[in-house]
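Below, each structure is written out as structure tokens.
Presented sequentially are two complexes of chain A, the first with chain B as partner and the second with chain C.
Coming up: the complex of A and B.
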């Protein structure tokens, strides 16, 4: 039985790995399980953008992009299986879209020499490129998010939030715990009171947390949620009639499918974002024409223009720009993962570049360097308009509190360097 | 034709009592060991180790541990995930606290610590039985996961609450961490699997195993014939905890390298290992291996066939995978309610007579 299975598995693996000289992009997606509602649009956007480049421009720099999709189910064991199964195909960059899988992959990818791009998630201190050579988390990270949310609250209160009560509802995992350290630092600086309310995976059961919120009456609630947890939290907030404009989610807790379930009552819910929303950009016409219209859209093709679709597309755009940079630097179109890393480290996103792609003003400008793998921490606040059925930006892009975050990044990355015997430095 | 005793004469009691009394069976066992130790390490790569062999070997240890408790002693436990977490966190604290001590010793010590925790949670088994005991161990599962999330000391106050295995070596070869060679991780786990299986096999066919089985079959009768239920039950919890702890420690340090307790050692892990034991066969060491192989390898195989060979969409394949594995579990249990181990026993009987019908 065992032997038979093994031989069959061996045959299957061999049949599954054709060697082609393409730019290989691995999409570790999750289209099943409790996080699928958020995983699907991101993956669709990520794949559609590369499909667009293939169909419209004939690839990147004349080299076609081959997308290899692997289902992780947001599960770390399957994530490891996906990584091992696909790394041999010459993957240029991994975008695991899971903080748990990111933590697993940081040592593995570093040893294998494949860059990781953990856009707005993962290990925050990977911002320090001197220690985390192969990990990038531009354009913003969780600690930026925590600071941006607190700054927004301070702005609403004329700059003084001393004595205010802020509760953090978070996914009880590495993902949800990331902002706590920064929020504690900010609480000290601004003098607000922080209470922590963990929600266990997958997050369908939150009655006790919201009962506590009802009892303690915090002035503001922040949320670090993902997947089904978002919908449940917003529904619970509606149920206890918590003022929605005082309820702010991180960028992973602010997509249409999170709020729609709660109906009109969710109107006014706020979420952070580090890129623009909506489909009012020239690139969407091309996507309609070359991808959706041609029947080549990933998934069901019904997610175009949603918040997470945009984010997936933005991630693909940053990856393709890094590929272009790498191609220019190395003078060859068929780049390796090491050249990709150099391309990512020298990536510069300017307004002119974004306009040329058909995404004018889509995200903040930033420049990656060895010292700074994390961008400049710019973000904005969006608000749910239930009537229009869309999130709308209500602030300009503003920067996070670098005075608080900088020392924390140095401290955490130094601890990682000491633990793993890394010299560090650029 | 196969598995025949004919011509296989025994002249001493020890020969008569050996684990594999039939010559053919014994040679097959030596052959499997030879392949596992001398052939496989030379041909495996990262994918085979991380997707197939490590999970199979580590889950086998967990299944053996749980089989001792559920299959041999009849104490239903739903706390396996939590006990694996104890092993993992014990290993992490030992690895970071005493970096100069060999990882080999740390993993054995983690098993010992888990055994003690397991005994503590096994105390209620003296009063409550059956389904009620399952609920009590379920409480252990939730309590332990909550504990490792709540108390920052367990994860050395790291910001993310994750534990990461630092690099540790055995005889100069890295066993944990990113620099580990596939064969090293494989052999390290294989050594533990073989030792655990041999210990478990010999415990269960000795006096201790007979006491456990007496308790399983009818505890009142067992007490009357002189089996001390306190010692029998608690020793089953201790031995089971020891194996489960070792598997948890290996799961964290060698296989995953970074662990988040809620996700990796949640209630689904307890069910997974329990299903392995049930599908493999209650009260059978071979069944533990068969069950682990079934539930670890089949999804990987199906994924590779459906996505890799047939090129189906990944989400469709993932859904189908659940349906196929589920259907196969039902089919197997209808065909043979005593699990894959019983199928194997029947197959052996058939092979013994083959090609003659009588």
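Coming up: the complex of A and C.
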């Protein structure tokens, strides 16, 4: 009798539980709160790409992807709670989309053996895979961004920017402060004058900073902002008539959301990017057919093709390619998080691969290795076309100054290794 | 005149303008606290909700469109019309009056005579509910708000100051409009409170609920009226701040800018909110200008609170607040 009851109970549990797929992807999203306008398109893109693979291809390597979404509200404590609550699901990789959450998760994920992919954010020196075994920040990081911006300015000035004035308007947080060391190094190398203008969270009031810019008349302004700080900064730049083509934001300050409030006068504003823009790629037709059109989109389906949707989709594409690599390496389709780490460490993105999945020329080619978890630091500059209502690429992809960044990565990762008693090495 | 002094004068003027914007948010807190003793944690979210509603009405956005589409498989987003700004503002006010009635009927009517901390907790709940409700109703995307207010440098001030100081001052046209609107708002509120029947009733309720009840003043009516007025002030603040940054959910955080103003000006004084706003605005901007570069900048947020604390030490009830004396 007892056996019958147990069997019945087990059968009931199995019938009630959802069918568990084998590849678990956790989406630590933020669809609520002050940063929701940015969190929603990224999360939609991230999830829609995996849904596309499920619907069109039957998953990855024959295994369906199960997406577990957890709302962080861009709050570090909630992000850590999400990690703790979902890691037991068998998560293969985390993409926190927050530098604050990333810093908290680095020791936890390392201890738990789950890789983090902090694409274009997080701790820059995680590029050194010898120290940060479980953290990846390919294809580019903040220091690459700082260098790419300075290279673009140099290109605009015939290669000579000695004596030029460059101001950095930055979010007064770990994220915003990341590029300072690199910019100081580049200022020394190129002879430009750097001024630093921190903006306190959330950045709704920036009058002091922009009055200072108006007084000191820098030739260029760089911006490391997020959320409302971006919109207010662009509006204040318009107000003081700062030339928009000399105002360059990092990739987190370069979405449609950031320029919308300032209207037509934001025309010409520039932002860096490490992936392409728009929706003129074959994969979007598939997303429309298999995901949005089929009513399976993560959101309302109204974000497809926006800058941050593309970024979320690109992150999902890189994760899925790492899964494929891991499956090939391990000879099993049902991979573990440790095998996922190996897949990420051996990931190679080529033009042929991107073309085959319907994203030709969508981003730079790069190869990850144990020594280099950060890619090759290629990026491009985009510019806002207010009339067309879109950002457009205005340069080819070019590489950051590895001579400056390399030693900084080594120095910072060595300090982390010393603090945490990590021997390092590949 | 030394260059730094000229710059300081420009910073001073901009500090005054910023202070007016802070005061606009603080006014809403004062109105409700004065009439009901409630510290309304939801005032910032009310500004957000009012601005969201205004843009939604202006753009002909279908409320709850995402929810409706998800439930019924429809694809509706807009009614297809655009409402003129003035009419949209009036319609938004109707919504805010409705919200005031609902808040009073559903929440505060049942909490009469409760401890202030209970009322405060209720407003925290209201804030989070209203934020989520606004999200579901209007969506979380950033919306451009254009009710026709001018923005950008004021040419006349630029030219005049250039003629005098050989350096043109930057004053934002939007800040000038905000100053005029705030002045008119405060004047109207003071006239209303001093010389109208409802205003006097509001002051009576503020002085003593039970005494006001005993002479036939309807507590419900007064509270709905005060929450409606606070809703109107929230709408004005939402328009000014939303024009600067677009209407987005971080708008609710402008309440943080009002707290030091309230600490300094007092929770019960309408002129106190204005004077407090001006002192905070000028103080934080001048401190950032003079000391900021020496300490790495970004001093404004914390300095506003330091300034308010200094005033509190000498005048705990704020500059214009009523001294609370409890006799045993």
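In the analysis below, the second predicted complex is superposed on the first by the 406 of 426 C-alpha atoms of A that agree within 3 Å, B and C clash if a C-alpha of one lies under 4 Å from a C-alpha of the other, contacts with A are read in each partner's own complex, and residues count from 1 in each chain.
One rule holds in what follows: a contact is a pair of C-beta atoms (placed from the backbone, for glycine too) under 8 Å apart; a residue touches a chain by one contact, two chains touch by 3 or more.
Note that the coordinates shown come from a computational prediction; the quantities given were computed from them, not determined experimentally.
> After the alignment on chain A, I want to confirm one thing: do chain B and chain C clash, or do they fit together?
clash
> Which partner does A:338 reach: the first (chain B), the second (chain C), both, or neither?
neither
> When both complexes are superposed, which of chain B and chain C contacts more residues belonging to chain A?
B
> Just checking: does A:414 make contact with chain B only, chain C only, both, or neither of them? Give me first, second, both or neither.
Once the two structures are laid over each other on A, A:414 reaches no partner at all.
> Just to be sure I read the superposition right, which of the two partners does A:108 touch: chain B = first, chain C = second, or both, or neither?
first
> Of the partners chain B and chain C, which touch A:260 in the superposed model: first, second, both, neither?
Only chain C; A:260 stays clear of chain B.
> Check whether A:205 is in contact with chain B, with chain C, with both or with neither, and answer first, second, both or neither.
second
> Contact-wise, after the overlay, does A:84 reach chain B, chain C, both or neither (first, second, both, neither)?
After superposition on chain A, A:84 lies in contact with chain B alone.
> So in the superposed three-chain picture, is A:393 touching just chain B, just chain C, both, or none of them (first/second/both/neither)?
Touch partners of A:393: none, neither chain B nor chain C.
> A:76 in the overlay: touching chain B, chain C, both, or neither? Say first, second, both or neither.
first
> I'd like to know which partner A:31 touches here: chain B for first, chain C for second, both or neither.
both
> For chain C, which of the listed stretches 91-99, 127-135 or 217-225 runs into chain B?
127-135
> If I apply the document's touch criterion, which positions on chain A are contacted by chain B in one structure and by chain C in the other?
31-32, 36, 40, 172, 198, 200-201
> Quick check on the complex: what are the chain A residues that touch chain C?
Against chain C, chain A makes touches at 31-37, 40, 172, 196-202, 204-205, 207-209, 211, 214-215, 227-228, 231-232, 235, 238-241, 257, 260-261, 263, 295, 300.
> Going by the contact rule set out above, which residues of chain B touch chain A in the complex?
Spelled out, the residues of chain B in touch with chain A are 46-47, 50-52, 55, 149, 158-162, 164, 166-167, 177-179, 256-258, 260, 262-264, 266, 289-290, 293, 297-298, 300-301, 303-305, 307-309, 313-315, 317-319, 340, 344.
> Of all residues in chain A, which touch chain B in the complex?
1-2, 5-6, 8-9, 12-13, 15-17, 29, 31-32, 36, 40, 69-71, 73, 75-77, 80-81, 84-85, 87-88, 99-100, 103-104, 106-108, 110-111, 123-124, 172-174, 177-178, 180-181, 198, 200-201, 299, 412, 415, 419-421
> Going by the contact rule at the top, pick out the chain C residues touching chain A in the complex.
7, 10-11, 14, 17-18, 66, 69, 73, 131-132, 135, 140-142, 144-146, 151-153, 170, 172, 241, 244-246, 248-254, 257, 285, 288-289, 292, 296-298, 300-301
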